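Structures are listed in the sections that come next.
What follows is a pair of complexes built around chain A, which joins chain B in one and chain C in the other.
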Partner chain A sequence: MREEGYISPRQAAVLLWFAILPTAILFLPALLVLRAHQDAWLSIIVATLAAGTVAVAVYLLARRFPHYTLFQCCELILGQVAGKAVAMVFVLAFFQLNAVVIREFSEFLATAVMPETPCLFFSISILIIAIYAARNGLEVITRCTDFILPLMVIFIAAIFLLAMPEMATRHLLPVLENGIRPVLGGALVAWSFLGQVVILATYGAFVNPPRALGWSLITGLLGIAFFLGLVVMGAIMVFGCCEVERLTFTAYDLAQVISLGQFFERVEVLFLAIWVAGVFIKITLNLYVTALGLATVTGLKEYRPLVAPLGALNIVMSCLLYRNISEVRQDLLLVEPGWTLTWQLGLPLLLLVVAWLRGKRRTGA
Partner chain B sequence: MKAWLRWLAASLLLVLLPALTAGCWSRHEIEELAVVGAVALDAAPGDQVRLSVFITLPRAIAGGPSMGGSSGGAPAKVGEVISATGSDFAEAARRLEELIPRRLFWAQNHVLIIGEELARRGLHSLDFFSRERQMRLTMLILITSGEARQALDLPAGIELGPGTILTGIVRNKTTFKVELKDLLAMWEAPGDNPAIPRIVMTPAGGQESREAGGGGGGGSKGGGQEGGKKKPPEAVAIKGAGAFRDDRLVGWLDEKESNGLMWLRGEVREGVVTVTLPGQGAGQGQGGGRPQDFPRDQTRSQTQGQASVIFHRINAQTTARVEDQQLTFKVEIRGHGDLMENTANLNPDRQEDLQAIQEAVNREVGERVQAVIRKAQQELRTDIFGCGEILHRSNVRYWRQVRDHWNEEFTRAQIQVQVDLTLRRMGMTNRAPGKTGSTGGKGATQGTAR
Partner chain C sequence: MIILIILAFLAIAYLDGPGLWRKKEWRELAVMGIVWSLGLALSLAAAWHWPVPNPARILARVFGPVTMWLTNLIG
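Here is the complex of A and B:
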């Protein structure tokens, strides 16, 4: 189905940041350092290049089918039955991804700030807002980012700058201590986050002009790599790589060490507030994409009726997915890389190859 | 119909909003909190631990320092100290909450004091303090010989609670600073061992003689424990350090050695070096640099004197080199200092005299660094300098061979120290008052251009 309204390439890039960064800066660094140790920053570079292949696939798809969402492309390329099946895989993948994000969100809040509050309360309250925002459409979500983006960017930069007195570049040495393998292992973990740029293939259909999508992808991906690198390197330089491995919520701990003249301390609560705003965008966007996809597959005219039920199911899914936080981390470390490799890179490439073989394109539409 | 529903939803939201935004589950009103101001950890018999906390009494703080109070000038008590034992600190903390009518609130705690016995058992019990969400990673870690709980009984002075007293002293930068995150990093790194600044407490004397112990000046080295087991300590000083091997306390560094450690690790901020100088000219080959406690000779006091130099920041660079299985570390210490005091018959306006002070300072710093190296290599047999990490960074292949028995390997390593400190400024005056700057009389008295 089509939705009215367009977003600019800049807004698309910003949405891409929000689709990845919020949970990535919190959960990823510890896992990345666990694999790659002090070479985590190299892993980010490798993972960015790897995620670049996804971006290229997304871009080429968008060039062949401008103004068509990923879900519509599936049907156009593979025919009705197979197309719907593949589109459904994407829908389920985004649905599952959103469940993971919701779980990460509530686990973090319960661990770091409000242990007495039931986990479910966090998920329900953020989903209520997310459902409301997602029903209002992409333009509204985008406009939310206009407000949250400066906060997010300024705050990540501020954390890095203010933690600088505690940093020592020597923690980044030696480079490539155990050869390239740990770097690649870390890149695989980082990849499962960065590969989410595939989401641009869905809402990218509403970017105007469509040819600027490449620019959105590049700035989006580079921005993500930059901020992720800032947090990871900041954490390694402050704590040393042995210690970062132990910290479950790295960015939060980084905010904790800031101490400016004995009074500007404990800014991590501020971080928390801004982070929640970022996660809100991420959850809303995923929810919107899932609803949009399901509406396409089922041939509905509107995606709006699907948003609330999908959100409710998402909460249930997020509770059922893991038994404890250790499973969340194990999943991100061991399972997600393989799974995301399949649906974020494998499937788009498959679509692209089939489209090329069958000579399908919808240019000039 | 539609409008009616909308109104209903809006009013429902309005009712729900105040209930939800206040955070109904995890709220903790400040009246329900016992704010922890300082923590002391001790070992207890039977492999147990004892957790002591200083709880700030809000009434005493809010009332201001009650100077006009009835208790004869002594400021009112601003907190109470309670302890509980348990098999770990979480259990002990829970037991503390059996004793007080409020919930413990850790987030305001800035100081963690570790008792000697617990430190000798090992730091592994510190997990609670990095896992609990309220804890600050920036809390100061201090160590004391004997019982850590005693430090919480410090009498109120300029500052009221032991937490503010101890953080205040550390902020004076006379000693190095170890925060929880630093301790964890030193402990976790395979080529590093923690060293923690030490609190020395002076026991209460017979009567109220505050001047006697005030400031904790001279040699009260660890003597605080025998006398004042029950009495609260009179005064406190932070000097010296406890050295660890892996996570266990193995010995103490005295003031000179811990100062050497600061120089070696490049952690000197506002470090003052005092040297004794022979008065006559640029004392070449006269063995000028003596520690400050060199016995003063009345007859030579005319010519002999002291000079103190302050270094606001220094740069210490350690490099590792391996040649035929002989491991050598080279420490280069560089920095610029300002003259703080000069009672010697030297005129720092003259380059020779300036050089003399500079050389003496270099020699003195070198001695301090050598002292701590000797202690760490021969007596304590632990790498508190982080040399292993330096080797790790520069020579991974060799590091892999020695990683598992690094502390033994460290004792065999050669450490060369090169001190290159320069005197750059001399304060607001040049020669000392009443001194002529003898040898170069003319130049000293008249040649003072600026």
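Here is the complex of A and C:
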């Protein structure tokens, strides 16, 4: 299944930021600090290196099959039956990922901001916009990011700068107090977010020129690591690692401590507005990728008719998956790392090795 | 609640269904129909509090031990 229109490498990198950062800055730091304590920022470096292997696999796959999506690659590499099965695993995985993201979004709003409103209301309202955006195609989604990106970047930087009076660098010490193992354990938790760079293998097919994909992978990953590191370090320096462990929505709590001269306060509401815009891009992108993948697997000419039913199914699924926010967090800590390692690292590497062994490439297309 | 769910799903079907029917895109219509009816069935089951197999539980049963093993191995 092809889509008309191309995106530039810069836009692909920015989309990659939005595919990971919105939920990562909110949910990841607390879980990360739980495992790695004050060395959480080292865990991010380790996890970024690990995500780099996926990035390399994605890049090599894209060099072998330029202008083919991950789902098409599966079929080209593994043959009709096995290829369709593996592509279907990717589709289901992106679907499940999106359901979790929708749940995280609605649980955050219902827990932290509007406790009287039912979760379902938030997920339905964001999905209506996401369906509308995803039906318009990838170019429209990328143009949305052009508007939201400056807000997001300026705001994360502003939170960090304005919270500086509360920070104490001694919270980051001692470095490597318990050796390297807690850092690696933290990296495992961070992996389930950072490994989502594999999403670039799907919409990377629409990046023009294809050889610039490496550049967007590198800038994408480095940007993600930078902003995630900023939020994690900021949170540890403000609260101290024992306190961060007990937080649920780290970046939001970080915005809450900002107070300049008793009048510049309560900026978390602004954070909320911008964060909702960011998570909207994430949900839209995942929905688009799921619909595109399902259309490829079933051999359709169009992905558009699938967007709305898939969105509806996603809402139901996000409600059925977990009972409350604690279950979501427990899952992120105890289940997701193994699952995401399997489909985000294992499957792409398998595809690459099989393609290399069977000598498959499609460079003339 | 039930009426709202059915109305919402009818709206989703109306969004693309008639166009596909006129263009005789049976394959698209079939795949869309499967996803659509799956969504409707799950929504109704959720509204009536019927027991539905939970993918998160299945994932937890399979990959929970994997994560545990990995955590014990390196972390």
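In the analysis below, the second predicted complex is superposed on the first by the 365 of 365 C-alpha atoms of A that agree within 3 Å, B and C clash if a C-alpha of one lies under 4 Å from a C-alpha of the other, contacts with A are read in each partner's own complex, and residues count from 1 in each chain.
Note that in this section a contact is a pair of C-beta atoms (placed from the backbone, for glycine too) under 8 Å apart; a residue touches a chain by one contact, two chains touch by 3 or more.
As the structure is a computational prediction, the values presented were derived from the model and not from experiment.
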item: First (chain B), second (chain C), both or neither touched by A:294; value: second
item: Partner chain in contact with A:304 - chain B first, chain C second, else both or neither; value: second
item: First (chain B), second (chain C), both or neither touched by A:68; value: neither
item: Partner chain(s) touched by A:317 [first = chain B, second = chain C, both, neither]; value: second
item: Touching partner for A:181 - first (chain B), second (chain C), both, neither; value: second
item: Partner touching more residues of chain A, whether chain B or chain C; value: C
item: First, second, both or neither for A:116, with chain B first and chain C second; value: first
item: Which superposed partner A:337 touches (first chain B, second chain C, both, neither); value: second
item: Partner chain(s) touched by A:35 [first = chain B, second = chain C, both, neither]; value: second
item: Where chain A meets both chain C and chain B, residue numbers; value: none
item: List of chain A residues in touch with chain B within their complex; value: 111-118, 121, 125, 166, 170, 173-174, 177, 238-240, 242-243, 246, 253, 256-257, 259, 262, 265-266
item: Residues of chain C defined as touching chain A within the complex; value: 8-9, 12, 15-16, 20, 25, 27-29, 31-32, 35-36, 38-39, 42-43, 46, 52, 54-56, 59-60, 62-71, 74-75
item: Chain B to chain A touching residues, read off their complex; value: 20, 23, 25-26, 107, 130, 133, 136-138, 171, 181, 184-185, 188-190, 389, 392-394, 396
item: Chain A residues touching chain C - in the complex, by the definition given at the top; value: 35, 96, 181-182, 184-188, 294-295, 298-302, 304-306, 308-310, 312-313, 316-317, 319-322, 327, 331, 334-339, 341-342
